[in-house]
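First the structure, which I've put down as structure tokens, then a few questions once you've had a look.
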Amino acid sequence: MQRIGVFVCHCGSNIAATVDVKKVAEMALLEPGVVHAEDYQYMCSEAGQEKIIEAIREKNLTGVVVCSCSPRMHETTFRKAAEKAGLNPYMVEIANIREHCSWIHKDMEEATKKAVILTRAAIAKVNLNTPLKPGESRVTKRALVIGGGIAGIQTALDIADAGYEVDIVEREPSIGGRMSQLDKTFPTLDCSACILTPKMVEASAHEKINIYTYSEVEKVSGFVGDFTVDIRKKARYVDMDKCTGCGVCQEKCPSKKAPSEFNRGLNTRSAIYTPFAQAIPNVPVIDTDSCIKFKTGKCGVCSKVCQAGAIDYTQKDEIVSQKYGAIVVATGFDTIKLDNYDEYAYSQSKDVITSLELERIMNAAGPTKGHLERFSDGKAPKEMVFIQCVGSRCADDRGKPYCSKICCMYTAKHAMLIRDKYPDVNVTVFYIDVRTPGKNFDEFYRRAVEQYGVNYIKGQVGKVIPQPNGKLLVQGSDLLDNRQILKEADMVVLATAIEPNEGVRKIATMLTASIDTNNFLTEAHAKLRPVESPTAGIFLSGVCQGPKDIPETVAQAGAAAVKAIGLLAKDKLLTNPCTAQSDELLCNGCSTCANVCPYGAISYEDKEVNDHGIRETRRIAVVNSALCQGCGACTVTCPSGAMDLQGFSNRQILAEVDAICR
Amino acid sequence: MQELIKRAKELLEDGTVARVLGWKAGDLPYNPEPAYFDSTESLADFVYNGFCGANLSKYLIEASKLEGKTLVCLKPCDTYSFNQLLKEHRIDRDKAYVIGVGCKGKLDIERIRKMGIKGIEQISGAEMEDAADTLTISTIYGERSCKFADAMLERCHVCKGKEHQVYDELIGESKETKDADRFAEVARIEAMTPEEKFAFFQKELSKCIRCNACRNVCPACSCRKCVFDSNKFDSAQKANVDSFEEKMFHIIRAFHVAGRCTDCGECSRVCPQGIPLHLFNRKFIKDIDEFYGEYQAGMDVNAQSPLTDFTFGDVEPGIVGERG
Amino acid sequence: MSSEKKQAELIREISGVNPLKCMKCGKCSATCPAYNEMDIKPHQFVSYVANENIEALVQSKSLWKCLSCFACVERCPRDVQPGRLIDAARQVVVRQRGGNYLKADEIPELLDPELPQQLLVSAFRRYRR
Amino acid sequence: MSIEAKEEFRPKIVAFCCNWCSYAGADLAGSSRLGYPADVKIIRVPCSCRVNPMFILRAFEKGADGVIMCGCHPGDCHYSTGNYYARRRMTLLFSMLDYIGVENGRTRVEWVSAAEGVKFSTTMNEFVEKIHSLGKNVRLGDLRCRN
């Protein structure tokens, strides 16, 4: 049986003017377990708290009810006071007799009656309270960044600058990501490589940053502060330590027919390759699918020409296991496949290209050395047509329902650059809406129209028809002029929708991070916690969370870094003790609870239990209290009632219900 | 039945299975009961006929803990329960050898009795081999007969289909016996006035003697310890008078199995008081279908159960009042 | 309810189309082979129904110029399906005039060797139930 | 007043409020002095998804005349998804209660944000009024009749 003290606050006249506080204290004494009751002017004052402390000590109280203002106001105050007196702070409950009673009722008798009932409910609850202790877990002072694009690089740099070790895992042979494929960036038109490359170098040179390229996350276990991650370092067949990056192997490699991933398949590369000249690390990899040595066993040219002796055909994949306190996902995006959009003739004509392909064409290091030309016949185009929203804003399953956000701006950029470099080329943009919310964005778009004479037509293109003369007939409509347009073009550029990179769902599953139907990772709160995953210790950086341009990506990368740093700066994590707990004797192991847990806090173990003498191994739900936030979704979904929430247990809430309805 | 026994013998002999879970004859011609057979000799008692309504999937929870595989005979509708139990990790697929047995509808002795047929000594036409649509019943008062379909269990009139959802092999033909609308009775009650509804359920629930047969037979009620037996909700069985669960037992039970109930109809079949308990479960199923899209528990092991799932645009609880 | 409102509702009901889903991209008009013959263009059809401006719609020439080729239905990114709206508007007119669907067994009699195949195909698309 | 005069019906109403939105909304109603009848008593839960249908049935069984559950607006849940599960559970529970003939006005779900003190107060006023019009809860207290 508890020994409960009840403390009724007058709150000056805030409570005492409408509630007979003496009566409340008097009635409280009649409740089971109550051994002490008093009232006081201001319970939250020093003197008031002292009264509570004194009573706890003198009367050996095991539980306290304070009848006062909202627990949202002073619960912490009174819990701290109780702690001072040596009582577990979670043995204190508040009866809210101000906001929920004295302030909203006028009749003294009525308000007093209600206050008595609210107090009774709090007493009933405290009778079932148990001392709770926040758990502690340690924090490994190291962060993992998954993805080595601009988002991952920026996040890693910011975390490393704060003094913490960071590992970047990048799937491709080099870091750099999508941004390294871009030619110029809007709205300033500075060269992408010029601003990205220094950052890549900085990251690789940073003493706190360790980069795993050509590597993938294989397995994740653990939880916030204490993750263990297995990283698969794919065999490069080139020794990272020996290679000098001279490039002779790539030059001499006789197999040069593999489509270049970096140039979006517009040209080819050798079987041993670095994706691009400024690659970091500047160490090639061998693509075994196109390498003659791997396919036939004969060749070995690269090995012969390598003066450093870095080629090693026997290399194997390697698994590195590492501990991390925080993980940042920065897996980025790709453009969607256009298989569902036959009407734009992408697969029928080489002169219909995506915007990302155009970036490579415009780039001096690209397949055409920066010359704008048709891939069908190498001729310079005279009429260029850009089609917006290809696969974006699409309600059916052919495309994506969202706006890809960056296309309006990069199309204005492309149009402007083409008009600038080739003033004789006519550029027409078919758009549905032009969306330019960003600093200097609309000005940029207007410049394309007003200074560069880009022809914007409101209306989506219905069809692109390759003509026998090699031209492309674009059938569109001008909604403002109300006329249908048939336009002959030399090249058509599709502003293709972007989607999260392939494989992100697998990563999200490993991390138990939630992910939406479009494969974007879900944030913990759409407005207030936009760079955190609901899963503690997982942070989001860049397009993996939603479409973004470079400045936004960098801003979010910094924000994610700060959140990660905030976590890494702690030595220990104190966990909320009001977490769910599974009773192993009642648990069926049915997995229903894990399905509703937003934090991935529930796992299942085969555990030997002793159920009244019967020893057997059972599948049991186990709650990781470092991850559980205490929402209670699992407790209701559990059919056997094995799950219960500490601090808000079934019996406690039922006791409150009973006390109110009595 | 002979083919089934032959195959069971083979599997027992070659060691594929350690035991057979099926039915053996009861003390009356119409009450075969679930039984284990662990030797080829014991299979002499094996029966499978129109009265073998019992859904054996729940027994596999215990059988999964035993050494070796258990051969289990499952009718098409039982396989939904099997899948649901698999989904909930209550049974081990590797410990079961599922023979999908043919089913042409199962019989309800109460229906036969209601036709005024008493003193039953022998029933023919209930064997699964013949496609007889008439039952011939010899009673102490002479020979009587009735249509097979008229003697079928309610659930067979709303049969989910003759396809087994999971099996290792199939033996015997199945027949779809659906000739009624599954939700007709629920819709009829929904259309009543609140007073009529209340009167209907009060009358039905008043018959309840809390024998727990419904709970014990239900494959979804597979908790190690039921909340009504645990002290977690202050709801352990106290006196059977005026306790909370007494009144709410069936509502809470239906809620606990909502989204998991395959509508196998065992609760109604075993209720000694004849309470149409399936009407609770079916109401939830109807609502789930209407509100969240059609869902059949036990059909797809990987499907998300409607109560552990949501969409942003789900209906608000207020719809209950608006729907009128 | 005004008669226009009623008719708009009828068109929505017959077609199963929600015109509010339209994002006014104009792909339907861009793709329409009969565009030049029409006085009210396919994308306008959607806004006419959305604005319940039905009288003008049923008077329009476009109603009978639409080939029911369903290119607009096929390509509409928002699943608005303007072709179904036009079809529904046509049905509203036909119903008002007391007309009815063709029966399959009436068709052989109506066949003419000169009849373009396309017409038959679109008749089936239009009138299949 | 004579002794036989009928005592005024004072309903017992239990309100489950989630800690983050609705409980704060009730606090705001208080600090804005927006009154509602004293018949409403609030129980604080961490999230609407903590409300077990058994709690609601228990309240009715113990003599409550109405039970209302308030949570964050869909999309605003502190725990991201809790109220979506709660919404499905309550929809099905209320539908079941309606099915067995219990007046559905006795149960209600309302989404009240921390800023909606006014909504909290009007909701409670409306709800109490509704319960007054329905009168004492007899049916849920005694579903099983023992003739």
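Here the chain labels run A, B, C and D in written order, and each chain numbers its own residues starting at 1.
What we mean here is this: a contact is a pair of C-beta atoms (placed from the backbone, for glycine too) under 8 Å apart; a residue touches a chain by one contact, two chains touch by 3 or more.
As the structure is a prediction and not an experimental result, all values here were calculated from the model.
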| item | value |
| --- | --- |
| Identity of the most central chain, Cα criterion | A |
| Contact-richer chain pair (by C-beta pairs counted) among A-D and A-B | A-D |
| Farthest chain (mean CA position) relative to chain B | C |
| Where chain A and chain D are represented by their mean Cα positions, the distance between them in whole Å | 36 |
| For chain C paired with chain D, centre-to-centre distance based on mean C-alpha positions, whole Å | 50 |
| Chain centre separation (chain A, chain B; CA means) in Å | 45 |
| Where chain C touches two or more other chains at once, by residue number | none |
| Where chain A touches two or more other chains, by residue | 596, 637, 650, 654 |
| For chain D, residues that touch 2 or more chains besides their own | 53-54, 58, 62, 75, 81, 85, 89 |
| Pairwise chain contacts under the document criterion | A-B, A-C, A-D, B-D |
| Residue ranges of chain B in contact with chain A within the complex | 65, 87-90, 222-227, 230, 232-234, 256-257, 260, 304-305, 307-309 |
| Interface residues, chain C side, partner chain A - complex | 21, 23-32, 35-36, 41, 43-44, 71, 75-79 |
| Parts of chain A lying in touch with chain C, wherever the complex brings them together | 343, 389, 393-396, 398-399, 432, 458-463, 475-479, 482, 484-485 |
| Contact set on chain A toward chain B in their complex | 583, 585-592, 595-596, 604, 611, 616, 619, 637, 639-642, 644, 650-651, 654 |
| Complex contacts: residues of chain A adjacent to chain D | 70-73, 96, 98-101, 103-107, 110-111, 113-114, 117-118, 121, 514, 522, 524-526, 534, 578, 596, 598, 629-633, 635-637, 645, 648, 650, 653-654, 656-658, 660-662 |
